[in-house]
């Protein structure tokens, strides 16, 4: 028995080595991307979508036989997933694990701000390039290794307010926002601070916390101030409840709603509010799940293999992988993080839903996506909207 | 030298060990505070307060890390003292709830204080915590706990915990013991908080909430609340366990919950109920099992420092002192 | 003035939702001195049962006659109560009974482990997104001089009151209720008098879980959604309700729940929405200082 096992082992090893040698000759390389995101916990719905978006993008490329870089090598993509479960420490642990593994070229993630806010400084310390897929947390001081494909408030909100004022010229604006979510709060505060500049009055500025279920008290206050427009800055769990309660209080027909981050284009939002968000407007990254663009159509069709419906976070995940692959093509490497980082810093890519463009020299880094087009859309149906110009 | 050893440990285990160490420090704080019978449901808040103070000092005022750490300890100590004085005359449950309310109140205050970042949290904290820093502090705390357990203060505290009236009748100054012990635990928690803030580099109001305080209580009770080995073990085990369970990507926490519940039910008094690593106890236990008797008779002086018994509800040493 | 009354109605509404979860919490705590941290998660299970049943039955949202709607509602309620009752039974046998009577934190921690399992289990089975619970009661808004109340809100308050009355009947008018009260006051004496404390324990947890299930169905329909972590908020607020009310009278918990809801609504409306959660804890602190046995008194703990 022992002899048999020994000879079996030797035979297997010989086979493996032969296989390796064969593949080495064809100059196939494997590029390894490591995902750190929230699979479980309260941010699980966002992280899961981002992870699936990345997986779908990798699948599309691998099914086509991998991709070629500008130096003639072919690559296949390998993905690892690390669940951070809404804990900063676990996010950092994942990033450090990736940094330790020499085969990992870059980290994709995370979507929740708890993760990215904690990982961003560490990325600079361990010199691991990281591309965030949906976090919009305000970053005070970027390090050269951190990037994100998200379109965030500082870029989008002023544009939104411009169009908003030009088209609707509101005088009395009220806001109801989630004080515990960095991105939503940042935008609410920005809208409040720009009130004078854009000539409207902030008649109500009410807050709530994540996991709250009842907003009637705040809505009643808002109703009493007679606003012309109400900004609802909430995730779909709380936001749908807000919209439903607006109807109960008689606000829904009277006061139109606006928001940001393309939240209303999430089909779950439509379902949970039973379609009451029809007519609401928001700014969004220019992506249209119903567009006739063949690439988008393929993504929407293939996404059906996952149990949930795609939203902007799936798109962010897809785009992050596209941007990373584009950087690999220009850097001609699957393992050199410095070359990869420098190539990534000069990305100008027409990705799945708009442009991903970084302009991030090491001396003055800023990992924001400078290229994304922001649209203002009005919701007309579960999966449809019209553009407002 | 430590660095070269650490270089061989995979980096993410270093992260996990640092996190476990910080949790262990704060849980030791819980151990101290509750040693005299109090129930502290706000240790995350005390740690958080120390963390905010330490972080503000290093970030805004460029204090050296060691001084900021001491400042955090001071803040924790004073908060602990305050809480103890306030809850002195209350019965255990009501005192515990007061601490709970205090913790949540601190969260709300932090939410509304813009100087420390408000709801955004305090960011931009410099990275000062290293593996060595955490474990040196932890070793110090363990040493203090070890001396405490064998000191008059430790026995007095355990007496207060088991029966406050009897302790007072024996001449122990119960209010003083309770206050001192609670304050000590608060100071230790403050140190843990400063270490955490300078590791994660962000300090949020939510990190001070009831949810996190309950986590520390779980570590403390799970590990065994009668000796300091209990919270040490509980914190390290329950922090490292979710990382060990990563083979199951989606069901990690379900398994964790099942293991936690099962162990609590099987070991009602905590996993560690007597000092496990004292050579003497291990030797004596082995000897007594072999001989069927109490083993070689210890000398008089050693008897005084004998190990605490494992019977739940009795806690501390035998009453004859 | 209209705003004041609207806020009052809002408050009563939220308050009854807190109360209905707090009733079960309080029952377990006052009878068995056990803090059942899994109680909010059992409530969440009730909401998911409603989701599963209603979507399986393909219930149309509107257009049901009132009697049919009420019938469907009761059916869903009963099914959820059966499921959560069984969950409570299993919980009692496996987790509560072994840990009961030891240090007060031990069952607390054991049940928190169970709550972790339930939360993540729900996330695993139903996905991390909240799911839509289609409404059963035909939606109708009653407007009385500017104050708006919907039919589902009225159903919620009615259900809460009915649950409380049913519990009252059980505790004060039945044999087992008397046994329960005896165990709540002095478990040793009750056992000495021949009360089967284990059976009382089982009954108590099951009844509390049944109530949680009913609460889950009602709130799931009220908010049209069920989510894995929906129990978190109610857990904390209901816990505070229970502590402030004291464990002597069941009606006390209901009253305190309503009080908390109304005060929260008033503070949110007239002071600042940032301070909403502070209300619960301020109330708790005030009671702990001035009347630690709870507003309406309690048995010795």
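We just call them A, B and C in the order they show up, numbering each chain from 1.
Assume a contact is a pair of C-beta atoms (placed from the backbone, for glycine too) under 8 Å apart; a residue touches a chain by one contact, two chains touch by 3 or more.
Quick caveat, the model's predicted, so the values are computed rather than measured.
If touching chains are joined by edges, the resulting network of the protein chains shown connects every chain directly with every other. In terms of C-beta pairs in contact, the better-connected of the chain pairs A-B and A-C is A-C.
Centroid distances from subunit B, each centroid being the mean of CA atoms, peak for A.
Chain geometry summary: the mean Cα position of subunit B and that of subunit C are 33 Å apart. The distance from the centre of subunit A to the centre of subunit B, with each centre set as the mean of the Cα atoms, comes to 38 Å.
Centroid to centroid, with C-alpha atoms defining each point, subunit A and subunit C lie 37 Å apart. Residue numbers of subunit B whose C-beta contacts span two or more other chains: 111, 250, 253. Residue positions 40, 179 of subunit A are each in touch with at least two other chains.
Annotation for subunit C: residues 120, 274, 277 touch two or more other chains.
Within the complex formed with subunit B, the subunit A residues making contact are 39-41, 81-83, 85, 88-90, 92-94, 96-97, 99-100, 117-118, 121-122, 125-126, 138, 140-141, 179-180, 182, 185-186.
Interface of subunit C with subunit A (complex): residues 3, 6-7, 10-11, 13-14, 17, 61, 120, 123, 127-130, 132, 141, 143, 148, 150, 153, 219, 223-225, 227, 229-230, 232-233, 264-266, 268-270, 273-274, 276-277. Those residues of subunit C lying in contact with subunit B across their complex are 94-95, 98-99, 102-106, 108-110, 112-117, 119-121, 124, 236, 243, 274-275, 277-278, 281-282, 284-285, 288, 292, 301. By the touch rule above, subunit A contacts subunit C in their complex via residues 40, 42, 44-45, 48, 179, 206-209, 211-214, 216-218, 220-221, 223-224, 236-237, 240-241, 244, 248-250, 268, 271-274, 307-308.
Those residues of subunit B whose C-beta lies close enough to touch subunit A in the complex are 10-12, 14-16, 19, 111, 119-121, 123-124, 127, 200-202, 206, 242-243, 246, 249-250, 252-253.
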